[in-house]
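I've put the structures underneath this note.
You will see subunit A twice below: alongside subunit B first, and alongside subunit C after that.
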Partner chain A sequence: MALNVTDLRVYYRTLRGEVKALDGVTFSVADGEIMGLAGESGSGKSTLAKSLIRLDGRMRHAGGTVELDGREMPLSDDRGMDRFRFREVSLIPQYSMSALNPTRKIGKMVGELLESRGERPDRAELERRLELVGLSGDVLDRYPIELSGGMKQRVVMVVSTLLNPSLLIADEVTSALDVSSQKAVATTLLGFRDRGLVTSMMVVTHDIALVYQIADTIMVMYAGRLAEKAPADVLVTAPRHPYTAQLISALPEVGVRHEDRRLTGIPGSPPSLLKPPEGCRFRDRCPLAFDRCAEQPPFAEVAPGHFVACWKAE
Partner chain B sequence: MLKLDGVSKTYRVGAFGGGELKAVSDVGFEVGEGEVVSLIGESGSGKSTLGRMILRLASVSSGTITLDGRDISSIRDRKEYYRQVQGVFQDPFSCYNPVFRADRVFTMIKEQYFPRAGADEWRTRVETALESVRLDPGNVLGKYPHQLSGGQLQRMLIARAVLLDIRLLVADEIISMLDASTRIDVLNLLADLRARGLGILFVTHDLSLGNYVSDRTVVLRHGKVVEMGRTDLVFGAPAHPYTRSLLASVPRLHAKWTDAAPEDMVEDAPCAYHEAPQESRTRPGLAEIDSDHYVACAGKEKA
Partner chain C sequence: MRRYFGRKLLIYGLTFFVAVTINWMIPRFMPGDPVQSMLSRANVAQPAAVEAMRAHYTAMFGFDLPLWQQYLNFWGSLLKGDLGISIWLFPTPVSDVIIRAVPYTLGLLIPSILLSWFAGNRFGAFAARRKWLDNTVLPVGYVLTATPYMWLAILLAWALGIVAGVFPVAGAYGFDLRPSLSWEFLGSLAQHWFLPFASLFLVAFGGWAIGMRNMIIYELEADYVDYLRALGAPARLVRRYAFRNAILPQVTGLALQLGVLVAGALVTEIVFSYPGLGHLILQAIQNQDFFLLQGTFLFIVIGVLIANFVIDIAYVLVDPRTRTGMGGAA
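For the complex of A and B:
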């Protein structure tokens, strides 16, 4: 097992109290697995991704453990995490465009980065990897401003995977791109796994249709908790959690016209995580809700590899 | 109703404004009453520039935009124009001043356009407008922007436009910042407004959204129209290789990219524009290959 997360809780400190952005999540990602992590804004998906790399000043590790390849990661110990960052777990940030130092040429910046980790920069290897994402070695002698958004995104992808991390987290990497570059970036991610540059991957996105293209499994989050995790095909064709089912039926697809089939959204909005309600958090918006939903359903395995947190899914 | 004819936009670029950048060149299409036209293109295709020109937020370099036959740049009184044409943009959060209550956008409309409306009469009008965008007035009036969701804020902006009895709405990427579960409600709302006779120009980069709601589609690339016409024809039988490659890149839920037949990707298919007979070239640079389905030449365009 590459990644084992057990009952992880991460809260944000605010003036009005703690926001329980991640409230007890338990899951694992196998070696070689690409897991899509989907959810709406405020579902906690980005918090989960960030927690595995670095807690910022407002975030507090309130409980739970994260094990990567059998070693526990000290989430709240910023220094201790340095042993893992970049080597064991690496991140492609959401705004890759602004992740590059504007005053350094790409090559120099990458060199300094590697030296800080005690590694010798190897230009030939760097060029080979740039080639994998369709860039020529010339970009190393250029400044970030000379590259287009898609090119910068790909440079950052190469930098993030230089030390062959065990787990790569891609946080909304395709959201700011056009359809055709989206496809290129997504297939590059797939290539990283297939070439063994990274062992497993978490692809955080709000776009289920996109992540379905490359992921082996998809996990859906709602209001700081896990709703469902299943193999990608199963999740898309036979979701068991009412939230997943409604979310998927709300997606317009090419070929679906308003006149033929009127899609409907999910009424209501997610609960505030400052004082989250007891029990199932989707209860207020759920068409299937009944008395028992006042009690939090477990994230139970209903079929091999298919986990659902819903009383009605058994 | 709205007609664009040979519209171009040139920006001056470079240190001394010596360079020229043609953001939009020679675009012509119409938006009729009760019709949704989607304008699809990737970043830099000029789709937002077109929207801004229609809203008179940017000047037209050449060509004309007419509303009911009147050149919009000759309408002196901007208020008169904005009574009929309004825009809603991508980011609903930045359209509100966080210091004031969100319903201030309605008050501002009242002050500018209907100063003589009575308080009671105005409240009824606001409530009707809110109900027409399927918001419960009690839920949103008197609230601050941070207390409302993106979908609610976006729908309030549409309600604000509806207060003016507009005839054309320019919706520029209005749902790309919304969550999947509320997105579709705003789309359905556009369809409801269309049923009331409103013309809508729906600017988007998302093909599946454009396909869901629109009657006609215009596909832009580098400021030029590559294909346009009835949505079912443009999406069902795309004739330009660019449209085909865009459609092939759209992630779908029940078909993987890898399942697509490789034949679809072949780019050296014969050019539909040049295959079409001479007399079908009814618009500049476009050939009508089916009724209301126009395509541009697929040859290598000059960058």
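For the complex of A and C:
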């Protein structure tokens, strides 16, 4: 098991109290698994991604443990986490376009970063990795402004995976791209795993259609909790959680004329996470809700590899 | 690269021409007649002698020629390095008067500008990371920067010079001394230099520190810093990058401040009766000394232009983004 997350809670400190953005999530990611992490904004997916690598100043690790390759990660200890960062767990950020220091040549910056982590920069290896994503070695002698947005993104992908991390977190990496670049990025991510440069991967996105193409499994979050995790094709074709089902039916399908069949949305909006309601958080918007939903349903395995947090799923 | 500097030099040349022309015009549009004031200073009673002297002085300074001729002659002699003769210190050539004053102004300005810039940036970057410093020392910086300069200077002169009696408040050296290379003279020079220097330093220091603190905080919030931290880069590397990027606007600020500080030194030199260029400007205006005023302004214009040119070059060295911009096709 590459990654084991147990009852992880991460809260945001605000003036009005703590926002329970991540409220007890338990799941694991296997070696070699590419897991898509989907959900609407505010569902806690980015919070989950961030807390696995670096909590920012407003976030508080309120409980739960994270184990990577059998070693527990000290989430709230910024110094202690440095041992894991880059080597064990690495990040491709949402903001690849501005992730590189504008006043340093790329090669020099990478060299300084590696040296500061006690690694020896290896230019030949760096150039080989750049070639894998279709860049020539001379981008190392350029400044970030001399590169196009797509080139910068590929440079960042190479830098992030340079030390062959065990877990790679890709945070909304395709959100700002056009469809052809999205496809290229998705293929590159797949390539990293297939060549063994990274062991497993968590791809955070709100685009289920895209993540479906590369992910082995997809996990859906809702209001700070897990709704469902299943192999990608199972989740898309036979979702068990009513939220997942509605989310998938809200996606347009190729070949369907929407004059005939209108796309359905999900009525209502997610609850406030400042004082989240008891029981199932989807209850108010759920067409299947019944009395028992006042009690929080467990994230239970209903079929091999298929976990659902819903009383009606069994 | 050559095109970039060629263009820059052209702009500087044009600025120089316009500035010098305006310098020539300003004294001539001032009310009053310098020859008249020289005559009254000479205190001659006979009307015939007065008339003869007036004719002599007018011809000597070239005031009998039409204005356009005066203007051309001015450029002609300027290019030969001749700035004319001072009216206030007649018959000393203007260039001699300026050369005597320049060491005092430069000795005051260069250390105070550069030291306050250097120390202010260091301190601001340091304060950005220490909450207690941020809350205690920086407010003092705000007060210093907001204080009208001459008020601060007078306050310093009063407190340290008159009440405490530690420093002298006027002149560049003791009135009983003649310039020489003795320890006594140098000591007196340093003692007289300290107060004007400290007043200039303090005011500029606060401004630089505040600017740098804000820039560092902004840089530490930038995406590239977040990325470096996510990859476990040590704080030392992050701080080095942030400092280097935050210093860029401060370099521009230094260039802008250089021009302003020449005017700032004018007030300093007046408050502390320091015999530099600012002091000369005041005397030249009071005595309607056209040539001296032109000469000092010319010196200031050249100073500001050179400072800006140096900063332009420095910018090319520290910020790669200007380098790619000037190549034309990158």
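Keep this in mind: the second predicted complex is superposed on the first by the 314 of 314 C-alpha atoms of A that agree within 3 Å, B and C clash if a C-alpha of one lies under 4 Å from a C-alpha of the other, contacts with A are read in each partner's own complex, and residues count from 1 in each chain.
The criterion applied here is as follows: a contact is a pair of C-beta atoms (placed from the backbone, for glycine too) under 8 Å apart; a residue touches a chain by one contact, two chains touch by 3 or more.
Just so we're clear, the structure is a prediction, and the values are computed from it rather than from any experiment.
Overlay on subunit A: subunit B and subunit C fit together in the combined arrangement.
Legend: residue contacts after superposition of the two complexes on their common chain; A:T264 is shown touching subunit B, with no touch to subunit C.
By the touch criterion stated above, A:I53 is placed in contact with subunit C alone, subunit B being left untouched. Judged by the touch definition given at the top, the superposed model places A:R85 against subunit C, while subunit B stays out of reach. In the superposed pair of complexes, A:A124 makes contact with neither subunit B nor subunit C.
In the superposed model, A:Q213 lies in contact with subunit B only, and not with subunit C. Of the two partner chains, subunit B is the only one that A:V236 touches; subunit C does not reach it. With both structures placed on the common chain, the touch criterion links A:T103 to subunit C but leaves subunit B unconnected.
Of the two partner chains, subunit B is the only one that A:A250 touches; subunit C does not reach it. Figure legend note: subunit B and subunit C, brought together by superposition on chain A, show a least Cα distance of 8 Å. For subunit C in complex with subunit A, the touching residues are 222-224, 226-234, 236-237, 241, 244-245, 248, 318-321, 324, 330.
Those residues of subunit A whose C-beta lies close enough to touch subunit C in the complex are 53-54, 81-87, 90-91, 93, 95, 98-105, 112-113, 116-117, 143, 145-146, 156, 159-160.
Against subunit A, the residues of subunit B that register as touching in their complex are 42-43, 149-150, 179-185, 187-188, 191, 205-209, 211-213, 231-232, 235, 245-247, 249-254, 256-257.
Residues 40-41, 178-180, 182-183, 186-187, 206-210, 212-213, 236-237, 246-248, 250-258, 262-266, 269 of subunit A touch subunit B in their complex.
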